[in-house]
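What follows is a set of structures for review.
Heads up, the next two complexes both have chain A, just with different partners, chain B and then chain C.
Moving on to the complex of A and B:
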């Protein structure tokens, strides 16, 4: 009976979380639709704009019919848009004429995933270790430096950090490349090519990592300070466990909980940071695609980027909400 | 009757305020924050007397990209403008944008939060759904798609309230996309405030919902609004800098972010022109750190038991 009631509550909780994610996702898509419609000028005219030849009203009319622009905005066009979007049809780019937006996004996605993924791994491992140590030895020298440094990193725009790293490590010292993802003329797929790619990845990935590391340090430190004060830590000490054993067996796991949620919840901010960092390093990912689209007023690409980012952020949040219930059984009770 | 009470009450409030400030300034963070802000506010208020009028490519006073020397203590940029000159003028643009955006954000966030918490029920559910959306999608990502569309709608090259179009749009868009966490906080405070006896008393005395919200609930929220206002400014500066950096700023009224964008386009990093990109970046870092420190100090002073995590 009791387990049945709890199961019902859990599934209701999960249902609520999923429903909220769907509503948010719909809002992303609808905002996207509205934005594209309020741009002055007829979309059909915009479509034909780049052809540079005189456009007749018949041509515009034909375009309007072809793209369904002659039908009522609500509900026909909204539904059309939503169903096309659900099928992965995001329209065609203005700037790269004839190219599908979805192809452009897929083309650029791996570079961004590599950048953000490597940066997250660096930031999580370094940030959590530093934060846990700082929280464990609260008030010590490491704590003071780590907390101050993290606050400073938190307040620093990451792309500026990237520019500073380029000046120091690329221009002045000449250790690492600060531009692009490959050296020209490299043979794709070879081991040398991979090494070259990784060398190009070092500075941008470190930049993104430093940009997010501050938060991980602060959160891990705060969580650790809470854990240290818990009764079970006193018990562990009374049992005669060494500091190392206490840290590994009891403190680490509990201190990781807020970090895990932060990592997933933070995805939007990490990707937002990566957009600007990619610009600094001319990294061929979603970020440089976005900035290029912005400057060329390539609205379909911009809308596609927004949809992609919005969807991944909503999913990351969904995972965070669900994972939180799994990791902390108290949530479901 | 009310006048008899008002005298001592004002006295109590004055003493509480004094005590609050003395506790606030026990914190090093508060001092550092206020000192840094005072410095930059002076720069922003009177850039003219300090460095003269904003230099343009036509009135540039130096050579191209020269490192700092006695004449240009922060060097020059790629068209020969004095970097100190443009950075000091940039303070005015950056701080104005951040402060106005924050005011908009606090007004929207507080309104949504109070309404949601006070009425509860369906109003609360729908307002919080809306807040969720703005909470999880970063202001920068929203502004990235909304700002160019707004600029297109308003039209380029015009001035709105003394701002050029793109800056005006940035102000409004940052304000309208960064209120969600304020709304959540204010809502949770309102939920507890509306159960207090003074709200019931006001209702029995015949006050309308609106007047209860404004005269009884809002004054009790001032601490939260102040502490979070400082953090919202830090966020607004960050968003403005990032948006201007990717090309949404206005080169005619350059903010720090626009200067960084110009430096990037001029290849300042690969040319080793550290002074050009260093000066505006250090300003952004100092100001947003100052607001974070001040916000944390305010938060610590208002709720000593809650640990502030930025």
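Moving on to the complex of A and C:
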């Protein structure tokens, strides 16, 4: 009975989390729709912006009709928007004429996931290890250097850090490319192309990784510092466990709770790209697409980017909520 | 207890060595320019589509691929001719005959004839007035095309354009000639929106777009059928960037051979590099201060903006020389009138009517016009007794060279000194377009605007800032003047260059006196190229259509 009751509670909890995520997503989609309708300026006018000769009202009206802008905002346009979004149809770009927003996002997404994903993996593995060790050996040389370094990196603007890396490793030493994702003319998909891609990835990924590593170090260190002062650690030591055993069997798992939260939340931002870093390195990801869309007032693309970002954050929160339940059984009780 | 950290250190060392060794071993040589006779050019622009009927920002790649019929290059440089080899106009000044290069071919090997030119013009012309009129890109319906009576191919090598009124448009127009066999089945709706014209393109220019990677580069390869033989270079790669920093660094590292659109600081830094040759070119960009001359809908905070005497007085408070020296570090010509020095056929320094910088004179003129500081608080009042507090919006149009914020600050400072406080709002290009749109489209409400435009050396382009038909488009001051438009109409139906020059001069003087704009400067395009792989093309001039990189000689 008790097990059945606990299982029911768990199911209800998971159901509640998923339902909350779905409602949040719906709200994100609706807000996204409203946001771009309250901005001044007629989208039909934007489509005709820059014309060499005077544009007639008939031409503006034709564009409004072509893109469904002549229909009532509520409920027609909003329902059309929600229905199309559910089918993955995010409309056409104003700037990149002839291209669907969904195609543009899918085209740029791999570069961003590669950049921010690799950077997150580096930052998480290096940052967490360093933070755990610094917390485990509080007050030691590693702790002092790691804490100071993390604060400095955390406070350093990533575009500046990127420029420094470009000047040193690309301009001065000539070791690595300073811009772009791969060299023109390469046979896409070949091993040579992959090697070239990885060479181009090193500097931007390092910039992003260095920028976010600091927070992992600091959170992991703080969590570990709390854990080492717990009674069960004293008990473990009294039982004769070695430092390594205490660290791996007891301290590490308990210190992971806040780190997991941070990791899952940050994963939500993977698809958002790193706008400044992508700009510095001319990296063709979602970040540089966003900058281009902002400059051109490409509302459909911006709407798509915001929706993608909102969705990924909601999804990351969902994962965090579910993972927390697994890591800490008290949450489900 | 100590074993674990030591082992970890060893592992980390091994990982670091393993990951860095290949990069170090490959060292500089692998990345630096290999002088492979391919020009790698970096510029701050943002190409979006290779369809010339739908793009403004892909000008450079498409202008290498497609030819103009004639355009300004062929008129200035005999070796830069376009689709037409020769041309003439009949005594009626209405009937133009163009002889197309005999035996010319498109880059796919098919014949390029007068029929393609006629198709391109008629494709645009037939769209006039239709809901999907082709007015969304570089190949766009313009007023000149509306003045055309007929465009027909008399045979494969002869194109005839008959205009309703005399006009230089057949020579000056900048419509890119496209192949009929590619475009004949493309509807207007698709041509202005969904047709992407994916590479490889088919053109008659020296270099053909063969690859376009959005957000990265456009690759062009030599046209095997180019009428003047193969270009000197093996190819061209146009890298596009959001900022000029990677361009400067790319030039230094050797990854780029050419860089365009550099900032003054980058230019000065690169000039110290012995491997790099810096240069600057006059271009057709003009930076200006516009007054909101609208009356009624969209008007500014004070009616003084509609008063030529007020605007003229402000003109005495703008020191173009200081703007050039301090904001542009001397990489610009001081602003005078509508016509930029790059339009050498039409430029005049207006020395006989030119204002000079004199804050006291500006103050006297404001007093005389009735804009006094009656209560002695240091701020003048307009004729309704309202204290001046002007809003100045500033921003750069997409694709144009940036206006340094220092220039805007100087202007605000000078106006403050003559009792006209100014608050500055810096806008990104999209917001600037929205606020500077025609009042009927929701624009206006600002007082002063510092911005720029990049035109051509043709009269219609030079005078477009005052064209009433282009209010909220190229006419950014919302200024309307019947005399100016009368002159504009005359220019558009004038073929004789001398007469055309006289009319442009009249218009330039009229608008200078009325002062809806104060010209600030005509900035230079700052560029640099590496000396180790290429010799220059023999001139530092900016070629209006495209840089003649196809004529670069490799070392």
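Note that the second predicted complex is superposed on the first by the 294 of 333 C-alpha atoms of A that agree within 3 Å, B and C clash if a C-alpha of one lies under 4 Å from a C-alpha of the other, contacts with A are read in each partner's own complex, and residues count from 1 in each chain.
Everything below uses one rule, namely that contacts are C-beta pairs under 8 Å (C-beta built on N, C-alpha and C of every residue); 3 or more make two chains touch, one makes a residue touch a chain.
The model shown is predicted, which means the values in this text are computed figures rather than measured ones.
**Q** I'd like to know which partner A:176 touches here: chain B for first, chain C for second, both or neither.
**A** second
**Q** Contact-wise, after the overlay, does A:284 reach chain B, chain C, both or neither (first, second, both, neither)?
**A** After superposing on A, A:284 lies in contact with chain C but is clear of chain B.
**Q** Of the partners chain B and chain C, which touch A:163 in the superposed model: first, second, both, neither?
**A** both
**Q** So in the superposed three-chain picture, is A:297 touching just chain B, just chain C, both, or none of them (first/second/both/neither)?
**A** Both partners.
**Q** So in the superposed three-chain picture, is A:96 touching just chain B, just chain C, both, or none of them (first/second/both/neither)?
**A** It touches chain C, and chain B stays clear.
**Q** If we overlay the two complexes on their shared chain A, which of chain B and chain C does A:202 touch? Say first, second, both or neither.
**A** Second partner only, chain C.
**Q** Which parts of chain A are touched by chain B and by chain C alike?
**A** 40, 163, 166-167, 170-171, 178-179, 279-280, 291, 294-295, 297
**Q** Over in the complex, which chain B residues touch chain A? Could you list them?
**A** Touching chain A from chain B are residues 129-130, 132-133, 136-138, 140-141, 144-146, 148-149, 152-153, 234, 238, 241-242, 245-248, 257, 260, 263-264, 268-272, 274, 277-278, 281, 284-285, 288-289, 292-293, 307, 309-310.
**Q** Applying the document's contact rule, which stretches of chain C touch chain A when the two form their complex?
**A** 1, 3-5, 8, 23-24, 26-29, 31-32, 46, 48-49, 51, 54-57, 129, 131-133, 135-136, 140-143, 146, 189-190, 192-196, 211, 213-217, 219, 237, 239-243, 245-246, 249-250, 252-255, 398, 428-431, 433-434, 437, 441-442, 469-470, 473
**Q** Provide the residue numbers of chain A that touch chain C in the complex, in ascending order.
**A** Going through chain A, the ones touching chain C are 40-42, 45-56, 58-59, 61-63, 66, 92, 95-99, 104, 107-108, 129, 133, 163, 166-167, 170-171, 173-182, 184-185, 199, 202, 242-244, 279-282, 284-285, 288-289, 291-292, 294-297.
**Q** List the residues on chain A that touch chain B in their complex, please.
**A** 20, 23-24, 27-28, 32, 35-36, 38-40, 151-152, 154-157, 159-160, 163-164, 166-167, 170-172, 178-179, 215, 218-219, 222, 225, 265, 268-269, 271-272, 275-276, 279-280, 290-291, 294-295, 297, 299, 302-303, 305-306, 309-310, 313-314, 317
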